[in-house]
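To keep things simple, chains are lettered A, B, C and D as they appear, and every chain counts its residues starting from 1.
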């Protein structure tokens, strides 16, 4: 990816991106997380299992719970089996496998504290193990309760970004635009957006990433209920000033976006990030509207499926002397 | 609702409302949520079930829990019935309906983990189903625990807004006023208010909503314990400057209010919004006081039932030349 | 309490206290809550039971839980008793009171889902009631879980304020001082304080409360680990400028304090308020130090019991011409 | 530790550190907590048990839970034993120790609400105790649920600071540097750092700590994903201006660092603090890089084990006339 931009950009780059100029690859992944791998330290210290459990998909999360439940019961079933089925009442002792099945179910009835009592421990060892299994069961479900709550109470912005950014005509000039919309029944207010860009330039023959802040036409809005088209006008203060279609195609560009808003249901600030790289920037296009009045003219409809819809548009030709 | 205002408003409208000028109908509903319908995406992705469960009334929420409890038990009762009642001990096998009743109660005793043991599973299939039902039961109550906590720990402002806004006499001029008061035993400090308005104007024969920020006499108060009468003076900087009673009646106006405060019990910022449309604005009125000292003169009483009480009041006549 | 101040204060009073000038009695109670009673609305709507449960003392909270537990069990015991003890197995039917005792314990075994099974329901009606009691039990403990968590996870500042404020000598002049200290093992940073005062003045023969902001020598500190003595210098910008000892004694004064800090354990902003009225202001005193190095000189000791310790101190005489 | 600095520092010290100038020993411990001991008040009021439980190591926390579980069961076992084993069904009455073992396990089966029913209470007293034990059990697990959730949902920065600060060459001058890096899979944005220093000076023969704010080259960064080397340039505005290697060795210096960032998973601001004292400052060194591109050049690797790696570096000689 060493396609450096040949031309000098006039603007001063910013130094507070948090990324070094010799970091490589995409900086921010499409999902908003930084593209950094950590090494060293112990893997257990390096991973926050709580962050991990919160980021799992619902299906995976539930699968892990079921697997953990079965594993723990198998483990305890083996322990009871080794202790001896004679220390449990009501076991079907017809075959060893029936014995194992019964101790497995005894384990599950203990772990969940359902405790029918058809099978029950007798004597010290089996009772002691059951005592700890029931305790472990309750703590496990205490943790599960916390994880469920943590998962669904976690404040999130629920924003959908357009997959592509476009270079569109804008007030006799051009502008870089992308759009975003809230797709859930949450209520976002006081939203603001910060847009920056990393551009790879060749300095002394070495590719190097420079970071620039991109000014937007409107960086704060009161209510984020409809779509928000973020507009960065490409004028003299833009690092993209003078970029031709070729430049946009041949330079390693990454647009980094951070949206911050206040969610009224969570009463919390939520943040979502995304990024656009060179291949996700369409030159010469404009977005088609994605909201319209409903039939009775009493409400507004936001069609989320249209978020990526755009049409070709001619851009004004750059005055050569401006370059 | 296409009654556009015939007259040019001098003030510059703001562009950061987040609503497009061609959105239609009321922008913010009386309950503070934006009047927008979302289409597209999958309905499951479009709904945050957690937000939904948090916004349900207590009665509905509890009803849903009871319905879910009965449905799950019916489902498992059918499964146990299909497996065969011979795999459960203690079932009353006198009639099939008695059998079903007993498996239903066995199911509930498993799901809640009460597990009396009068009815208990014997053999692999029934035991396996019971194992998973008890597990499901615990997870369900884990989720219910989270939902209960989420519902009652959710920071809310508990503000009551007056149902109407008034145009009242104010310091030789007039002012738009509405009031609000905290109605619960929460403690709000550092409150601020942001007021804006959407006014429908006819531009080139097309109705179009313009948004204006309304300046208020006092936009921050230290302690929100009594009622707060928010006052927007209608002077040269107001978009309503020069509006006659007729203008207020015949123009589509929407006053959008956002109050933000710090709740000391939740230690969290809380936000509440509301709005007033043309029909909710009373011309020529003033609010009657809603708080007074108690008999012993050692405390102040806030009478919340008076929040909408007002009396007629004459307004100063507008100087025609000012228009 | 209508002892109005006879003299004109030069400073402009602030209007954003949130209290009206004709509110009566103390504005902020010693515990920081506003001294306002709410009327109207329904009492159930006026009380946030969650806020109430969070503010109860631990003893009261636990007592309420126990009372609720016993009451619910008594209620269900009566229902089972009315249904008839023949629908429960294992009941001691020797006397009606023994019957009631057994149904009571059956109820508790169902409500807690312990379900030994020595007593178990047989037949539709008793089983149905037990089914709902177990469900109710789990929901009740779900709510209890939330309340416990809400109570102990609630971010609080854990600050102790001195019971008294003093008028102390300060740099050739005098100052109003009070102090506060964190008394628990929490870690507070970035603390700030806002001090205001309500002074009752006689305007046109009518007592009226005016509010003034009091400037402090240091309104922000980085780490709130030792005590913080808040100092309001009484100079020309103070509403107390020119106040004699008599004035301080004969005027209705209320000093309102709000401290805000960031708690690093809760990762949350916490706020605590307090107030001082006329009788809690000591004229001519200075605080004695409340922290000192430990014996090994490697740590600092903060003695919280000394927070109210002061000694008499002479104040500079006010220049008469200044008045 | 009374090695005061002999020389006058030109900069004005700040007064808002929150520490008095005669506090002694290290101000902020390496783990970021203030080095203050509290006395007075009651020890129970002085300790927030919730803060304490949150700060315990996982091993200790689990050990405490297990110890509490065993203790409670032993206590209740004794109570049941004193009431008499004849009030419990199914007890093995062969020996008193077997009786005690069975009542112990009955207690655990009641406390966890597993309630097999092999042992069950008969009669008023034993049933009453069991009723309360089951209730206590559920409340205990309610509290445990809250503690687990509180522990793992507690927002933390998960930053690793370099163990040492260095005095390094920087742009023809020198700078004090230290570095920090996030070591877990959390996502930190909008990080800022506040650095201050306490320097012990001899005033009138008495050692006294003065506090200074240290300006840094970059006090805010957008994304805290790689390591952050914080740089305080030692120029005329630095209190360390003119310090020789000897001065750094012989003066009691403490560098106090506070990093604040927004965690996107917790949607919360997190803060972490640390400090460096004289013996942790290396004169004449520079850090070796700790991140590099991966082999495929598509990502950046951060090697956390290198955080303390540095190499010797010559510093420019201080111009004597500057002193």
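One rule holds in what follows: a contact is a pair of C-beta atoms (placed from the backbone, for glycine too) under 8 Å apart; a residue touches a chain by one contact, two chains touch by 3 or more.
Not measured: the values here are computed from a predicted model.
Enquirer: Considering only mean CA positions as chain centres, point out the chain farthest from chain B.
Expert: Checked the centroid distances; the maximum from chain B is D.
Enquirer: Between chain D and chain A, is it the same set of residue numbers doing the touching on each side, over half shared, or a different set?
Expert: Because under half of the interface numbers appear in both copies, chain D and chain A meet with different residues.
Enquirer: Need the CA-centroid distance for the pair chain B / chain D, whole Å please.
Expert: 39
Enquirer: Based only on mean CA positions, could you tell me how far chain C sits from chain D in angstrom?
Expert: 28
Enquirer: Residues of chain C that touch two or more other chains: which are they?
Expert: Correct list: 109, 113-117, 145, 149, 266, 268.
Enquirer: Where on chain B does chain A make contact in their complex?
Expert: Listed in rising order, the residues of chain B that touch chain A are 1-2, 15-20, 22-28, 32-41, 45-52, 54-55, 89, 109-110, 113-117, 120-124, 127-128, 130-131, 134-135, 137-139, 142-143, 145-146, 149-150, 154-156, 194, 196, 258, 266, 268-271, 273.
Enquirer: State the interface residues of chain B toward chain C in the complex, per the touch definition above.
Expert: Residue positions touching the partner: 65-66, 69, 73, 92, 101, 105, 108-109, 112-118, 141, 144-145, 148-149, 152-153, 158, 160, 183-187, 189, 191, 218, 220-226, 228, 262, 264-268, 291, 293-294, 297-306.
Enquirer: Can you name the residues of chain D that touch chain B in the complex?
Expert: 113, 115-117, 145
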